[in-house]
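Before anything else, here's the structure in question.
Each chain gets a letter, A, B and C, in the order it is written, and its residues are counted from 1.
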């Protein structure tokens, strides 16, 4: 009665066809589009000094829904002059209002913001999904509540900063320039703005060019909260606008989340300026699965690790390192699981994997996947149907990957998993650490001492043991090596928004 | 030196692997976010009706009560399009009454909880006699409970031997093996017990969560552990075993979520009452209520539906 | 009759050994009034590269030492310096130690003792358990970054150098330091004291030479994970520009900042934190 599931199925069952599961159309889920109104305007201006204002140049750019390529709104395009206006407003606010406010009162504004965001959560979730392409269930269950939680958490720090940094006297940095990416537009905004305000700073923030809408809607919340004018300013635009933000002379600190490539440019731009800088950059996380792991949960963790938000996650577990003895079993389970992932309309409540954020990103993913095939890795794609319009990519898995393949070294930032194998603990650690990145890592094993050993040896800012892609406002996030420096969240994240003396 | 029990568990877990509780519970929580609308919802509700083992397991059961239960099982609702349920589930002494009420070749099967239900604490000979009597009285399916004491002591051979003995006594009747998950304490143990049972069952047999007579019964997480075991076992051996969560599933919404778990774990082939059942009583009325609501568009009061049996 | 003294040939302490520059180059060390003292190694980029290799070799073992052990080793270093304080003072002053210089040596010793005391405590101040809103045990701990480059201020040559090195190594980092260009001799003597402490070879590597020749390598050597320096604004910019290529952590002060090296405010657990990585670990809580 041998039924060990870990042994390769094929080895035992000769002659008969292997049993298959049918993931078919017996019970199709009807479309279940989220019906809440995102309350989008057709045109969004910049938010400077407490008011919505057009760009001085009068220029705008279109922002679209990557799920169907339709235009959502025109957005004012900020140039250096607008950015300067925003910084001047921020400095005035910093000097005249915000720095004079007791921490307790600052905190109350943050609490207000948190509450208002919760009130309008569904509206923001829909807007986020429309503009970014992420599945509505993620925007609804993760992005928006987590953004509110960040404001709620940091609100409480505003009047307790002395307890965060024992032995030091704490003062705000000043005006902070922040540039955020398109993968978690509202959440990254919260990660940036909440600690900055709690610590007594004022902000000029630039959302990503493809996803400006929730940031500009967030400005409406700031008005509802009656946040003093100029404390937070939001300027939309692309790379040039971002460059103006990070290089503005009034920016006492710059915080950037995005690619390692751009991070290095910013670090160069700021060289010698004496400004504080934090960078949260790319990653190529290893998810290490040992043969004694709880396999079913490891499969879920691996799936969540790479297909969450279409793999547009800097800490995505894009390299699966699996112990040789269970590699076949784990890959078989993964392939099975991929078949029940629902790819499609981001607004559908049953969609697991939504739209790729932009055409450019889709092309980058395609190019890297093609390189994987060319370099000899074995491709498996989910057999799902993709919508005709919009930017979509099938959940994809590569086996037979070697460490030298591009798909094992470069950040793909898409729903593409590279599977590598290892034999010993040492080999696992060596392969996991053999990268210029060091943002996150995962380890799956039932042996406690092994978890702690790997937690110590994996060179990554976040180690998820028997889980993956978990976030919390209290939990510092950020990388080692070329994944950037500084932390976001928790007491350690707060440290990057204060001067200590 | 490990004790025999430790050794047995260790060897078994080495073969079948372990379960992480938090990861499991997060996984099943996602099933609850599936949004079922219109046709999908109606299909699911109707399919759930066909999977109900309409149950009465009370000391105060009477032939009359069983007869009315059987009538309800055959025609759950005035509406003709509502299908009959899968089975009625009764004590052995009620099998012949159920058989009589349903008639031969009925679309509804007669299931009986034999083997000194719910404790299983009677000599094997007595329990086998009970099974034999139920079979002789016309039962189509036998629900048995495993020997939890032996299982927790790591004495797996007696656990499996008893299942085999009951299976033999069942003849052509389908066997449903109740693990009584609330007494197994951990998800690891539920997975282990599932495999012990699966390995001695035939295609068409079931494993089942609970008697419904203890504190915690069918949860989505327990269900998930068991259907994953069924899936692993099927892919390994080709033997398709069915699943029956029992106890605690009272609302249509819950039942649909269980079916989502089945669809996404075991696939289409298990979305049939030949392979999936709900052991429940009050569930049926809520399913009917929701079906009526879907069809009429109006929410329904409970008194539109004939009273279901008591018990779980 | 006067005995002719044996002059010391200054060598730098790299990888636990005393070496001359691979280039064979030296530069003359003179007293304030212009008297020749000795030839000091004029280290090169290759010497820096070798020092980084030595630091890389020593790093893992040093980081694995218990904090208690690192504390004792740093304290032992202070013990090794204290009885030779006069020698260090002379190395700073070159031809007549003043009270000012003696004060510098004392402050340097005290600084080492100060950081020795942090070795098994900073984690308790900087790390913590995070109360996440889910059934996970989550904690943040700190880890050393790896190899850190240090560029000491021109003056105070000893106290400046020690103030940069001590907070870096106490956590398990290793360091490759460039001594004051105008006053390199204390670094040479300090090396001899390091060698007699229990500090494993390669944990602290001291180079002497010209900043202008070494700066670009300090900034671009990708294996250096952090830079701690007190330099001119222009040099700072150069260092930070090169650092960007490998996203290096820079904590660089400018020499014109009017820094009071003696002030207690220059000693801080946050100086240790500057060269630590925060690692956050999650694990589910369940049976």
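Note that a residue touches a chain if its C-beta (ideal position, glycine included) is under 8 Å from a C-beta of that chain, and two chains touch if they have at least 3 such contacts.
Since the structure is predicted, the reported quantities are computational estimates derived from the model, not experimental observations.
**Q** Would you mind checking which chain's mean C-alpha position lies nearest the centre of all protein C-alpha atoms?
**A** Measuring from the global C-alpha mean, the nearest chain centre belongs to A.
**Q** Where are there more C-beta contacts: A-C or B-C?
**A** A-C
**Q** When the C-alpha atoms of subunit A and subunit B are each averaged to a single point, how far apart are the two points in Å?
**A** Comparing mean C-alpha positions, subunit B is 42 Å from subunit A.
**Q** Rounded to a whole Å, what is the gap between the Cα centroids of subunit A and subunit C?
**A** Between these chains, centre-to-centre, one finds 37 Å.
**Q** Could you please state the distance in Å, as a whole number, between where the Cα atoms of subunit B are centred and where those of subunit C are centred?
**A** 70
**Q** Residues of subunit C that contact two or more other chains, please.
**A** 136, 284
**Q** Which subunit B residues touch at least two other chains?
**A** Answer for subunit B, listing residues that touch two or more other chains: 20, 22-23.
**Q** In subunit A, which residues are in touch with two or more of the other chains?
**A** 466-467
**Q** Where on subunit A is subunit C touching in the complex?
**A** 149, 165-168, 260, 263-268, 270-274, 279, 281, 436, 451, 455-456, 460-467, 470, 472, 474-478, 480-485, 487, 490-492, 495, 500-501
**Q** Quick one: which bits of subunit B touch subunit C in the complex? Just the residue numbers, please.
**A** 20-23, 25, 185-186
**Q** Could you pull out which subunit C residues touch subunit A in their complex?
**A** Touching subunit A from subunit C are residues 125-126, 128, 130-134, 136, 138, 140, 143, 145, 225, 233-234, 236-241, 243-247, 249, 254, 265, 268-270, 273, 277-284.
**Q** Over in the complex, which subunit A residues touch subunit B? Could you list them?
**A** Where subunit A meets subunit B, its residues are 1, 3-7, 9, 12-13, 16, 18-19, 21-32, 137, 141, 292-297, 300-301, 332, 340, 349-350, 446, 466-467.
**Q** So in the complex, which bits of subunit B are touching subunit A?
**A** Touching subunit A: residues 15-20, 22-24, 26-27, 33-41, 43-44, 47, 195, 198-200, 228, 231-238, 240, 259, 263-269, 271 of subunit B.
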